[in-house]
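Each of the next two complexes has chain A plus one other chain: chain B in the first, chain C in the second.
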Partner chain A sequence: MRFAIEKKELMQSVQHLVSVAPTKNASPILTNYLIDANAEQGMVKITTSDLDITVVVEFAAAVSEGGTIAVSARHFNEIINLMPEAIINFWRHDELLKIESNKIDYNLLIADHTLFPLVPEVKLDKAFTLDAQLLSRMISKTSFAVSTDVNRAVLTGVCWKIMPNEHLMAATDGRKVAEIRIKNSSLLPKQPESDANETNFLDKTSNEDYLEKIIPVKTLVFLQKIMDNSAKEIKVLIESSKVIFSYDKYLVFSQVLEHKYPEYQKAFVTDLQNQFVIDRANLHNAIRRVALVAPMDNLRIRFELDSEKFEVNTSNRDTGDAKENLDEYNFSGSQTGVSFNYRYMLGILEAIDSDKVVIKLGSSKDPLMIYNMSNKENEEITFLLMPLRS
Partner chain B sequence: MFRRIKGQNQVVDLLQRAIEQQRIAQAYLFHGSDGVGKFMTALYFGMALNCYSSSEYRPCGVCSSCHKFLQFEHPDFIYLFPTVNLKLSPEGEIKDSDALKQYESYINNKIESPWQDFFFSGSTEIRKESISLLIKRLEYSIHEAQHRVVIIENADMMNTQTANAFLKTLEEPPQNTVIILTTEKLPQVLPTILSRCQPVYFKPLSQSVIQDILFDGFKIDTVVAKSAARISGGNLKTAIRVAHDTENSTRDKAFELMALAAKSKSLEHLNHVLNHKDNTDALLDMLAYLGVIANDLVNIHYAPDEVTNFDRTDFLKGISHASIPDRVPDYLLLLDDFSRKVDGNVNPSLIRINLFIATKNLLTP
Partner chain C sequence: MIVTGFMKKIIHIDMDAYFAAIEIRENPSLKGKCVIVGGPPNSRGVVSTCSYEARKFGIRSGMSSYQAWKLCPQAVFVHSSFQLYKEISAQIRSIFYTWTDMVEPVSLDEAYLDVTQNKGGIEDAVQIAREIKAEVFRQTRLTCSAGVSFNKFLAKIGSDLNKPDGLSVIGPENARDILFELPIGKFHGIGKVTAARMQKMGIHNGKDLHQRSVQELTRVFGKAGFFYYNVVRGIDQREVITEWEPKSISCESTFWDDLGSVEELLAQLRRLADKLSSRMSFKKIHGSNLILKIKYDNFELNTRSCPLPELTNDREVLYRYGEQLLIANWDCKRKVRLLGLGVGKLDCSGDCEQLELDIWN
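Let's turn to the complex of A and B:
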């Protein structure tokens, strides 16, 4: 194996990969990159994997001799990072990878590349295409709501449901729900042959007319990182046990969580009597101010409101209490009060796009439903926050 | 490669039939004493389930899947064993660098020399975090294998809470997942675990099997191999350890004790006991050797061909006498009792003194 490439170009390609490669894993081979140089096409492929997510980046380089090696990911990235701006040469000599640029020489020990997990062949002709910005938006509206509890692994993923004319992404940790629906049939492939494929993969999920995959949040966060406007579209291929994304020079394989996603919609309450509309930034600031003294154990703060008065308050046995009265809000309904975890509320408010936020609430036992003042066309975003018992 | 598992033909047949008929249980419990091939069988079974070779002699041991299994690097092979606290992060990274080193040497030892036991510094168990991580990994889809393989070694080393957390997964693992538990102490496995597995018993290896393995695999000469096989009690690990014992010092010590006892040189023995503080392992080995020698003392009268230590025939003839055959059964029972006491942390010096007196009584005509 022998190839040469400009430092800047290589750095651009590999800078995101190192976050994937685990460092202290039970499986030492995964701390390596799999580097595959193809002399005929003049392309170099670098693969990294932590089993949940496998990323392949392919870029052009001056390859004079093909070959495959595995080499420590951390060292590779650090070396490239500190190299001066110049052309870097790589070649394999016995069991060493030689990296040379100007007067700098490295000999890196290489690992047994046959141990590296298989990277399956992909045929992207069955894939469908999504607008990258839209996907990024769907991810940012939901990924904050996933659970971190390893005991319920299914909730550590984001549920992606594809229905004939709708995309739905949802995440929940049992205390809050974030859901975004994109109602746009034009998102689905229009060409007849891909239509056939579409129904084809729908068939696989037996007699249901939708496809549901639970994708680990790690994958989605990584996708957001690499989607930097260098390409407009992202290709998505859904297989039974994995989901493959192709964006620009990246190919991302993600395992899916094989589990039924809980029916979070059951928690949605549609007939809440009370509703108020308020400036998002004002509410956000008020909550942050009051929350300074909120109890550390349950992070509880409380809304007390009727048509005359809107009070955000908290009380803490150890430190004291705080309250703030808000004005400039529109309230309809009867007097009510509800307690909740302020951190979840802030997370939801940060995901709200419009200047004003609509919050529907019932009694102190009913969940809070939070909406944008106005949604974008063909888009519906719903947030739910469960109350704390008072 | 299944044929490389010696002396467990019944088990190998059972597993091979399961593969042929595609009737693979969701969970197996391999039980039997230490050093009889439980882990090796589990590993080869996992390899056989995933081997790419088309021949009927699977696993082939050379295809890419088998290669990854043998290096413990297969992405769909999960191996749990009792460890010290690794300070696992939820993503499965081992935070404690010292523990990581030990973890790696454990795996290396398992690959390079599985017949040696690796000891962690610190108390070990199968920890809650490891099981949580396993459950999480099982929720993800399979990577490249046909069957995901989970091996949990010494499954008795789980506390009740951990075991209970694991029950649901054990009963209904995801599709195409085989969980293999191994244990030496069947009675210590929770009944709730036990009832969810198909138990597979591994019997102690027969002496001839151990002798063959020592001779073929480790180039150990017949005399040593024979006595090592005799005293190992069907445990290959013990047999190999005994056989590698440098110049058989334990065997020589056992003979030395016999010689002293025969000449009633109690004082000399007492000095010996006071000056040499042997570890309990060596004492257990010596007890086992004494048993073999006592056996020989009888055999030398009735079946001279069966004598294990035939290089010491003259010595054995010298100390044997007419009433020995009657006394040996009691002596052997006493030796058994001593080994139990060693396990029960009785003072080793005390045992050695009692042992000497018992041996003296045996040998006094």
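Let's turn to the complex of A and C:
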């Protein structure tokens, strides 16, 4: 195996890859990249996998001799990253990968590439195409709300529901919910009109008129990193236990989380009595300031408001207390107060698009429903935050 | 002895052969005998306490009853009557509370008291210890031993020095001598296993322990090494941890001029509710019973209470229920000198529970 490539081009292809490779794993081979050079096509393919997600990136390089090796992903990235801007040469010499550029030489021990899990052949002709920016947007509005609790594995993923004229993405950790719906948009894939029997992506796995898959958040966060406008569209192929994404030079295979996603929508409350509208940035800043002394254990902050006064406060046995009075807000309803985990609230406010945010609330035990002041066309975004009982 | 900073005044009270002493009190014919409280010797029971007479035979708490019987066949075994021990403990604790609320009960027969600030306003902790001992004896006819010192560790060592009915004072001036002579197994916090390891290392008493470096002690004993290193130098920063919880919390104000109009009273009530609510939320306390106190101009006091709909410290809820109580109970022909608002039936757990979505069926 022997190939050469500009540092910049290589770096651009592999910089996000290393986040996929596990640092410690029961299977040490997975800490490696599988690098495959094809002399005929002049292409190099690098594969990384943690078994849940597998990524293949394929890019052009000056390949003078084909071959396959496996080499430490972390070392590979770190070395390329610190190389000067120049052409880098790679070739295999016995059990070593030689990396050379100008006067810099590395000899990296290689691993047995035959141990690397096989990446299945994939035919994308049954895939549907989605606007990449739209997918990226859906991920950014929801992925922050997933759970990190592995005991509730289903909540560590984002629920993606595909209906004939609507796409929905939602995430919850049981304490907050983020949901985005895209309706009737020209950006949504259309049902293929010819041979509808075979390629209709909705009819593949069930008879229902929608498809629901729970995608691990790691996959979605990775997709977000690579969707950098180099391509407008992303191809998606949904199979029963996995989803395959094809974007630009990347191919991403992801397991889906098998389980039924909980019916989080039952928690949405539509008849809350009180509502206020306020500048998103002002509220965000006030919460951040007050939060400086919030209790470390529950991150508790409190809103107390009526039409005359809006106070954000916190008190902490160990540090003291803080309050900030906000003005320039519109309130309707009766006086109310509610406590919540400020970090959850900040996450939601950061996902709000509009300059102003609408927050609906009831008693101190009711959830807070949080919305954009105005949604984009064909879009509906809903956030829910469960309070802290106090 | 190096002791820096502010000196606390700690008393450790340890009842003498507590369960056995109570049994003897209840049945004076046992006096002077080897009394063993615990399971009978033909059972698999163990000794929970024994009288000092029995201790002379080598009987100790935790020993099997059978083993105890073999050491002292004439011993009298009595079943433990925990309910009684508990009641007497409560009685003794109430004596402690007359001096300070900073009481840390360790078990039924043992407690630490922080009397740095005390209700008697007495500087001398030894005098307090003496009075506590006397009062305990007066009320219960039971004796206890007290250790007085400037931290918990030394107070505990002190109460053990002159048992029974002892009173030892360990001050900065004699702490070093006492600690140096103390056999290593007598150090509170050094159990049998650790003591044996220390003996192996050539540490037989406090003096030997004092010579060891903190590096060596932490290497061998881990984190506990720090503790050993410190306590042999008379350093123990542990606080007296009280389980003391308030039964009610209240605010009141006496007015410059007695108030006679409902508007004025409600305005004052609003202030009290705000103040009470913020005090409660600062302390993370919730309560479910509201108490209103009205003192009239002739000093007649009227206290009324009502249940609240839930555990709360919400200022609006406190105000609304307070308003009801005030209107229903104020004799509007009379002027009010003082108004108080309080909350009882408290939940001080302070937990502030994160509510979850109910979506799991």
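Basically, the second predicted complex is superposed on the first by the 367 of 390 C-alpha atoms of A that agree within 3 Å, B and C clash if a C-alpha of one lies under 4 Å from a C-alpha of the other, contacts with A are read in each partner's own complex, and residues count from 1 in each chain.
In this section, contacts are C-beta pairs under 8 Å (C-beta built on N, C-alpha and C of every residue); 3 or more make two chains touch, one makes a residue touch a chain.
Just so it is clear, the model here is predicted, and its values are computed rather than measured.
*Asks:* For the combined arrangement obtained by superposing on chain A, do chain B and chain C clash, or do they fit?
*Replies:* fit
*Asks:* Of the partners chain B and chain C, which touch A:346 in the superposed model: first, second, both, neither?
*Replies:* neither
*Asks:* By the touch definition at the top of the document, which applies to A:43: first (chain B), second (chain C), both, or neither?
*Replies:* neither
*Asks:* Is A:87 touching anything from chain B or chain C once the two structures are fitted on A? First, second, both or neither.
*Replies:* A:87 contacts neither chain B nor chain C.
*Asks:* Quick check on the superposed pair: does A:118 touch chain B, chain C, both, or neither? Answer first, second, both or neither.
*Replies:* Touch status of A:118: first partner only.
*Asks:* Is A:257 touching anything from chain B or chain C once the two structures are fitted on A? First, second, both or neither.
*Replies:* The answer is first: A:257 touches chain B but not chain C.
*Asks:* Please work out whether A:27 is in contact with chain B alone, chain C alone, both, or neither, and reply first, second, both or neither.
*Replies:* After superposition on chain A, A:27 lies in contact with chain B alone.
*Asks:* In the superposed arrangement, which partner chain does A:242 touch: chain B (first), chain C (second), both, or neither?
*Replies:* first
*Asks:* Report the closest approach of chain B and chain C over their C-alpha atoms in the superposed model, as a whole number of Å.
*Replies:* In this superposition, no C-alpha atom of chain B lies closer than 16 Å to one of chain C.
*Asks:* Applying the document's contact rule, which stretches of chain A touch chain B when the two form their complex?
*Replies:* Per the touch definition, chain A meets chain B at residues 22-29, 49-52, 112, 114-115, 117-118, 120, 148, 150-151, 153-154, 156, 216, 240-242, 255-259.
*Asks:* Which part of chain C faces chain A closely enough to touch in the complex?
*Replies:* It is residues 278, 281-284, 286, 313-314, 316, 350, 352-360 of chain C that touch chain A.
*Asks:* Within the complex, which stretch of chain B touches chain A?
*Replies:* 64, 67-68, 71-73, 75, 90-95, 97, 100, 103-104, 107, 132-133, 135-137, 139-144, 174-175
*Asks:* Would you tell me which residues of chain A are touching chain C in their complex?
*Replies:* Listed in rising order, the residues of chain A that touch chain C are 172, 174-175, 177, 262-264, 266-267, 298, 300, 302, 315, 317, 321, 335, 337, 339, 341, 364-365, 367, 384, 386-390.
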